[in-house]
Amino acid sequence: MTVFLIFFPLLASLLLFLLKPVQAKVIAFIVSLIELIVSLMIAFQFNEGQLIPQYGIDIPWISTLGLNFAVGMDGISLLLVLLTTLLVPLIILSSFSHQYSKPSTFYGLILMMQMALIGVFSAQDGLLFYLFWEVALIPIYFICLIWGGEDRARITLKFFIYTLAGSLFMLVGLVYLYLHTSGQHTFAMQALYEAGRALPAHEQGLVFWALFVAFAIKMPIFPFHTWQPDTYTVAPVQGTMLLSGIMLKMGIYGVIRWLIPVVPEGVAEWGFTAVTISVIGIIYGSCIAIVQKDFKRLIAYSSIAHVGLISAGTLTLSTTGVQGAMIQMLSHGIIVFGLFFIVDIVSQRTNTRMLSSLGGIRNAAPTLATVFMIIMLGSVALPLTSGFIGEFLLINSIFQYQHILGAVAGLTIILGAVYMLRTFQKSMSGELNAVTTGFADLTTHEKWVLYPVVLLVIIIGIYPAPLLDLSEPAVANLLKIYSNMSASIK
Amino acid sequence: MINTVPIDYYIWLSIILFSIGVLGVLYRRNAIIVFMCIELMLNAVNLLMVAFSSYLNDGAGQVFVFFIMAVAAAEVAVGLAILILMYRNAKTIDIDVLNRLKW
Amino acid sequence: MTLNAFYFLSFVAVLSALMVVFSKNPVYSVLYLIITFFCIAGHYILLNAQFLAVVHVIVYAGAIMVLFLYVIMLLNLNEDSEPHKSALLRVVATICAGLLVIVLIGSLKGTEQMIQQQPADTGIGLVKNLGKVMFTDFLLPFEITSVLLLAAMVGAIMLGKSDAVKR
Amino acid sequence: MNALFVICGLGIFTLVAEIINFKKGLISVVIMGLLAALVTLYLDFGTISMHFSDMLLFDRFSMSFTGLIILITVFWFWMANDYFKLQPHITDRSALILFTVVGAVIMTSFNNMSMLFLGIEILSISLYVLAGSKKDSIISTEAAFKYFLMGSFATGFLLMGIALVYGATGSFHITKIADFISTHKGQLPTFFYGGVLLMLVGLVFKISAVPFHFWAPDVYEGSPTSITAFMSTVVKIAAIAAFYRIFAFCFQDVEGTWINVMTVIAILTLIVPNVTAVYQNSVKRMLAYSSVGHVGYILLGFISSSEASAGTIFFYLSAYSVASITAFTVLHSIESYNRTTTVDYFNGLFKKNPLMAVAMTIALMSLAGIPPLPGFFGKYMVFALALHRGHTYMVILAIITSLIGVFYYFRIIVAMFFAEPADSEISELPSSTRALLIVLIAVSFVMTIFADRVVGLLQ
Amino acid sequence: MVTSELIVALIPFFPLLGFLIVALNPGRISEGTTSIVACGVIFISFVLSLISFFTILGGTTSIDVHFFRWISAGGFTASMSFLVDPLSSLMLLIITGVGFLIHVYSVGYMHGDNGFSRFFSYLNLFIFFMLLLVMGANYLVMFIGWEGVGLCSYLLIGFWFKNQPYNDAANKAFIMNRIGDLGMLLGIILIIVNFGSIQYSEVLTQATSVDPSIITTITMLLFVGAMGKSAQIPLYTWLPDAMAGPTPVSALIHAATMVTAGVYMVARNNILYAMSPATMELIVVIGLATALFAATIALTQNDIKKVLAYSTVSQLGLMFLALGLGSFTTGIFHMATHAFFKALLFLGAGSVIHGMGNEQDIRKMGGLKKYLPITYMTFLIGVLAISGIPPFAGFFSKDEILANAFAQNRIVWVIAVVASLLTSFYMFRLLFLTFFGKERASHETMHHVHESPKSITIPLIVLAALSVVGGFMGVPEALGGSHWLNGFLAPVFEPSKALIVGHELSHSTEYMLMGIIVGLTILLLFIAFSRYVTKGHVPAAEGQISNPVQNILYHKYYIDELYNAIIVKPLYWLSAIFDNVIERLGIDNLVNGSGKLVVASSRVARRIQTGSIGYYIFAMVIGIVLILAAVLVQG
């Protein structure tokens, strides 16, 4: 099944490239829908209690490198795969109002992206994970390069090289682990886990940084984020959605799957530093978001703040934190997608993203305003929205980890309110002005994109238990090593 | 009858000739002279080969010298052809004049 | 007596080699080079490589250097057409070469460790023995040399002859 | 062995073809012949055979490399057939190319210094000519001249080295020398080491590693593009094979003498060309620098483990040569439409001719070492080896240089996908070229998927 | 058969239903339907609340309803569950009851506003959240309501969203509440850490087994939440601004219900607070300070709603005072009565504004009593009630607070008395300036002045009635009452009883106190009357206030300006620093710089390749020499 999830979009994208059909967007949409259905089927018959990866395969690929094509899903993977298969159709649907040149290429790249992302989330082999990780970079790079905005050549190249640099360090880290696997060297996940745990503390520290930097750049958290605002701003909105909605989660997933269980002592030694950095990132991102004038850029920075919170919570190594991270990844993915789509709608109709020149849209487009309001509430973590569940659990875990940090991290719910409300007020409220008069309300297909988002935000907020249960056993399993450690210390 | 001459002498001699060849290559700009100096270097090697072969009492060395000669001849043939081509195109055989290809 | 012969030949060889480098006129250089080659041939004889000596004279002095002379005549190079490197470069060149000599000689110690210091039989240089070696062990290289010469020939012709097609 | 004969025969046949004035199908005949050579190679693959009193040694190593060389040559003929069409001397040129291949094959399989020397010389002499084969172009002549002069100069040193080694060990046979060294460890005359190093110099010149690389960029740029393609693939493979044979099989036991020198050379070769390539405006020259840079990675793998690195180096070379033959095919067709190859002639290529753009992109990404292209696995294997040997800092250096690599390779990609089309007109490609590009793309992915087999050739 | 659980479950359901109906059909259903639906659902849940109230009264100590597991991670579980006990059932009555009246009132008040249905959907949503707040059986469910009502108040303050100042007020309210909520959230997390549960039933029973110092921290943090929600110093400034919303909103949210959530929360956790004297003292101090502070500001305000707003703040202060003194019942008692008369006053004010055509400045009013008789009467009752004239509702509750204060600490008592007297004074001032004296409004305004429609006056009358009788639920023994409320709420405050040192006052002292207060109040009544009616004094216009004290009071002690200077400005300044210095100059340059470095070095490096053969050969030879030399060194 996982194999199907990975290769079906790849196949489709290749066909799109070669055949260049007229109705590329529709085909892509159908393909992504099929993906969604399949993944949902998996989700419904998924046995979260069973800890070994499910619906996967494991065949040797390059035995001389110890590389196996091993994919499979446990609860954690499944949640993120679901996020991917859910967002991609929405993203494709959201692009229907755009007329991109060379559409078949565009949608082909999106599908290829989906392939890579699902691969990343389901890879059970270190090198395979790295491969998918890099492969994910290529389509998004071209999406940004070909259909991006002002000055994209420089910005996207910076983005590419910067993230590549990070992941090369990850590669070094992985190889280092690989060389310490016992017997016939292999990249199999469990083998790497054992190898990493067997390392002496200071080497674990080195490996920790090698991996963490890569993930930190991908997320990105302060101070590794410099590529992010520019890239988010310059990318075509679908690219931005892919980047912020799904790709950002690769970093967190990496931390959960390939960092925390691998080098426990390294994490134990450096975790606090990492958490502190992340928490600083929260404040930093929020503050910069407060003074942004560009709607899209503002959301980019807000996303830095949110991801900072997620990574901090993850690195507290508590089930609460990681679970919070899981649910928050889901919620953030959905919310940020919605926000960027709204930005897109606004900027398409007014040809500007400057908050100062907007205003009063609420008069002309009440539906849009309401939807924006709900999604915004989700992003400021109001209870009964999906945002709250995650942020509550995360802040909870950080606070338990270290009271001061917890309190500081908590500021996010205040600062978040500050910049989001400001945004809403500047764009939606007030009197109509020259730019916004004659602003048309949501069209049908826009509603088809946004209503699911709104519904999900609320439903997840009201009844997240199933999702939480999906990943709980897997998370607990990954974190077992730490409970053992603390036990051995005691 | 040659046993009075120690092998080291031959080594030194051929090294000196070789180095003179190198010196010529560095020293002169006339392509033909430079080329001749390279031939000189090869001959120094030949001398060394022969010396070794007779001191090691092994024919292979001298056979090798034949090959070197053959190669030298071939190189001269091609080399002079290139030289003439160069003279035809650039109207000079000064090796430092030719630097259109750089950086 | 051989030692004296050695000294004499070496002296002339080195001297004329130097003249090759330093003489202004290319034609002189060629002639000096021929002298050097003769000296080297003499060394071959000293080393009991009589056959090789003969071949050497024929190939180099006879063929190669004549070719050089032809080219020089053809391009009609002479003293005044001779380009000169700047003085500085010359000095540097000399220093480099000197360094090379020092380094080489420095790194070429330890001949006493050689397997065999003295030649036993003096007959290896004779045609018979050489022929044996050449046509048993070194048959393949000998054959391959033909390919080499063929390639050189084709190449030289190709470059040498001017294409009617082009002009 | 038979493959060697087939190729020699093919060379001579092409010369005969001149006489009987058979030119139409010549290239296809040549390709057929080369494929036949591949077949013979495949037939006696796996056997280890000495020939002509141990002059040649055909083991898995030489056979794999020979196979690679022949394959690339096939691609090359496929790509360059119009180069032949446009020019006279079709027979001479193809004969010379084939002789070069003969030399290359000898360089992979020699077991005697004389064979090494002859192989190198056959290769080089033919190349001197080919480099200058654009006779009316002064650039081409300059390239030929530089290549010739420095090549023969380097040959002098190589020979000096051979002579000294011979003097010390009393033999030209690789195997005998190796035995001698291992038996007489410690009591070798000092000038033996001098000889080893002089040979090192000679060979390092051939594989164009810093500081003996200066000829490479100029010659690559000056020569006709198709010849450049040939040099940067086949010739490089052969040179590295010879290099590897000498130092891994023969001078293994005196590693101490040369390993440090080699390390320094490797470091320089990683840094200098990669940095220099950034500021190039001519894509051809840029590729020249990059091909010099790749030698650095190969050397890194070599010094990491001179015996175990055979598979790695082989895979790296095959990935590298497939990628660069692709790149040169595109470059060649660009050049054939507008006489130059500066970056701006790639502007908007994606809009005008997607196939070319995509092929070029894949090639460049493979060269840059971006997954999942074979280039990545090559680099990856090298890094793994180096880390295994504990060369962590060199690996980090290599990573940085490969990032710089990404920087300059992507300049072209950006130009192709981002910039607006320049006024250069790219009409439709000849169908053969299209086919070639598609095949090459396919090959690079196949190499990724069956990387195991490729590496396995040498075990 | 209908179980009490089902009833309880349905109470919040109906407002939600109403919200959905109204919200999902914007513009599709008429005003009439909207109002019927909106009021209807509230009425239904009012009836249901009554039923459950009587169930409780009938002896059922508490009704628990468990719906589903909401959040569960790492061993901790938060369930979606309700708890109805005397305290919450009382709250239910107030919320749904007063809520219903205000809904009805709004039908008339908002008539013709193009946001009519939006308004009612918000109101219903608010009721829903408020019910969640008081019915939640654990802290998180309470927190849902807690934030939810904050949201609704944000929505309703910014109801007229075209007016940016209103939006500013709304944002201010939301953000200030958020500050409080953060404290609250951390408090809840601490509870989770130390109790491993967040169900009241478990936490409150285990309270005594936990280290008091931790309890203190918890209670402090929770109280921060209360400060925000119930507008106590220092987080009170949003409430006056919140008057930007429509008047019914001010009545419902910013007087009767939401702002009292803090009181409810403290009362709910009485045991915890009882365990930590430190917090209790803090509460007393804050409460007192707020009461006095707000009262003084109210003295000089001229906007009819502002006056009421500040009086609300000060009344809340009194309630917290009561809680801080440990008499939780009293707190709740005053909250209830306050709900009645303050709602009444706001609605009355609303009626005035409505009648005057949206005029809010009392300096432009006067002599309205013959134009708006009903409004006048009810407003008068409200004023009497708030200023504690017996037998109106305010008298009993306020008196009880003062009695407690007297019993425990005389200074506290004195300040409290001052505060309450000030209250009476400015209320009288308000009353007289509005309804008595000569008419100061322009002629045509006066011409249009009219009594409000039934839907407005009826709620006024009902609330007036409540303000009259409301006090009798807690007649002290001193006056021969039994203090029914005490008995009713006893089970809730049972656990804390033991920890609070009770102070019994002899009846004589109580009489004495009542006497003093009432006497002074009456006295103030006359002073005010002479000043504003007979002398006809009118407060000076903007900027003409000579008296510096008055000036300071008029400008609310410049607190807003202060906050702006010490919090808002620095935040923006800091952000600007981050954005311009660290981001642009620091990090970006670092990364881009490395790129530039490579290019520059390349520019240099390519010069090595000079293109002249002689040079290349030199390089080669030098290389060779170096290599050989290296070996030479090796030997």
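Think of it as A, B, C, D and E in the order they're written, each chain with its own count starting at 1.
Please note the rule applied: a residue touches a chain if its C-beta (ideal position, glycine included) is under 8 Å from a C-beta of that chain, and two chains touch if they have at least 3 such contacts.
Treat the numbers as computed from the prediction; the structure is a model and nothing was measured.
Asker: Going by the contact rule set out at the top, which chains touch both subunit D and subunit E?
Answerer: Expected: A, B, C.
Asker: By mean C-alpha coordinates, which chain is most distant from subunit E?
Answerer: Comparing chain centres, C lies farthest from subunit E.
Asker: Taking each chain's centre as the mean of its CA atoms, which one is most distant from subunit A?
Answerer: Result for the farthest chain: C.
Asker: Per the definition at the top, count C-beta pairs in contact and tell me whether B-D or A-D has more.
Answerer: Most C-beta pairs in contact, of the two: B-D.
Asker: For subunit B versus subunit C, what separation do you get between their C-alpha means, in angstrom?
Answerer: One centre to the other, that is 5 Å.
Asker: Between subunit A and subunit C, what's the gap in Å when you average each chain's C-alpha atoms?
Answerer: Going by mean C-alpha positions, subunit A sits 72 Å from subunit C.
Asker: Distance between subunit B and subunit E based on Cα centroids, please, to the nearest Å.
Answerer: 100
Asker: What whole-Å value do you get for the distance between subunit C and subunit D if each is reduced to the mean of its CA atoms?
Answerer: 31
Asker: Which subunit E residues touch at least two other chains?
Answerer: 595, 606, 609, 611, 613-614, 617-618, 621-622, 624, 628, 631
Asker: Check each residue of subunit C and list the ones that touch at least two other chains.
Answerer: Residues 85, 92-93, 96-97, 100, 104, 107-108, 111, 114-116, 137-138, 141, 145, 148, 151-152, 155-156, 159 of subunit C touch two or more partner chains.
Asker: Multi-chain contacts only, two chains or more: what residues does subunit A have there?
Answerer: 161 - these are the residues of subunit A that touch more than one other chain.
Asker: Touching pairs of chains, all of them, please.
Answerer: The set of touching chain pairs is A-D, A-E, B-C, B-D, B-E, C-D, C-E, D-E.
Asker: Enumerate the contact residues on subunit C facing subunit D in the complex.
Answerer: 104, 107-116, 136-141, 144-145, 147-148, 150-152, 154-159, 162-163, 165-166
Asker: Touching subunit A in the complex: which residues of subunit D?
Answerer: Residue positions touching the partner: 311, 350, 365, 370-372, 376-377, 380-381, 383-384, 387-388, 395-396, 399, 402-403, 406-407, 410, 413-414, 417-419, 449, 451-452, 455-456.
Asker: What does subunit A use to touch subunit E in their complex?
Answerer: Residue list for subunit A touching subunit E: 158, 161-162, 223, 225-227, 284, 287-288, 290-292, 318-321, 323-324, 360, 362-363, 366, 377, 382-384, 389, 392-393, 395-397, 399-400, 406-407, 410-411, 413-414, 417-418, 421-422, 425, 428-431, 462-465, 468-469, 472.
Asker: Can you check the complex and tell me which residues of subunit D touch subunit E?
Answerer: 145-146, 149-150, 153-154, 157, 190, 193-194, 197-198, 200-201, 205, 211-212, 214-215, 217-218, 257, 260-261, 272, 275-280, 404, 407
Asker: Please output the residues of subunit B touching subunit C within their complex, sorted ascending.
Answerer: For subunit B paired with subunit C, touching residues are 1-13, 15-24, 26-30, 32-33, 35-37, 39-40, 43, 46-47, 50-51, 53-60, 62-63, 65-67, 69-78, 80-85, 87, 92-94, 96-97.
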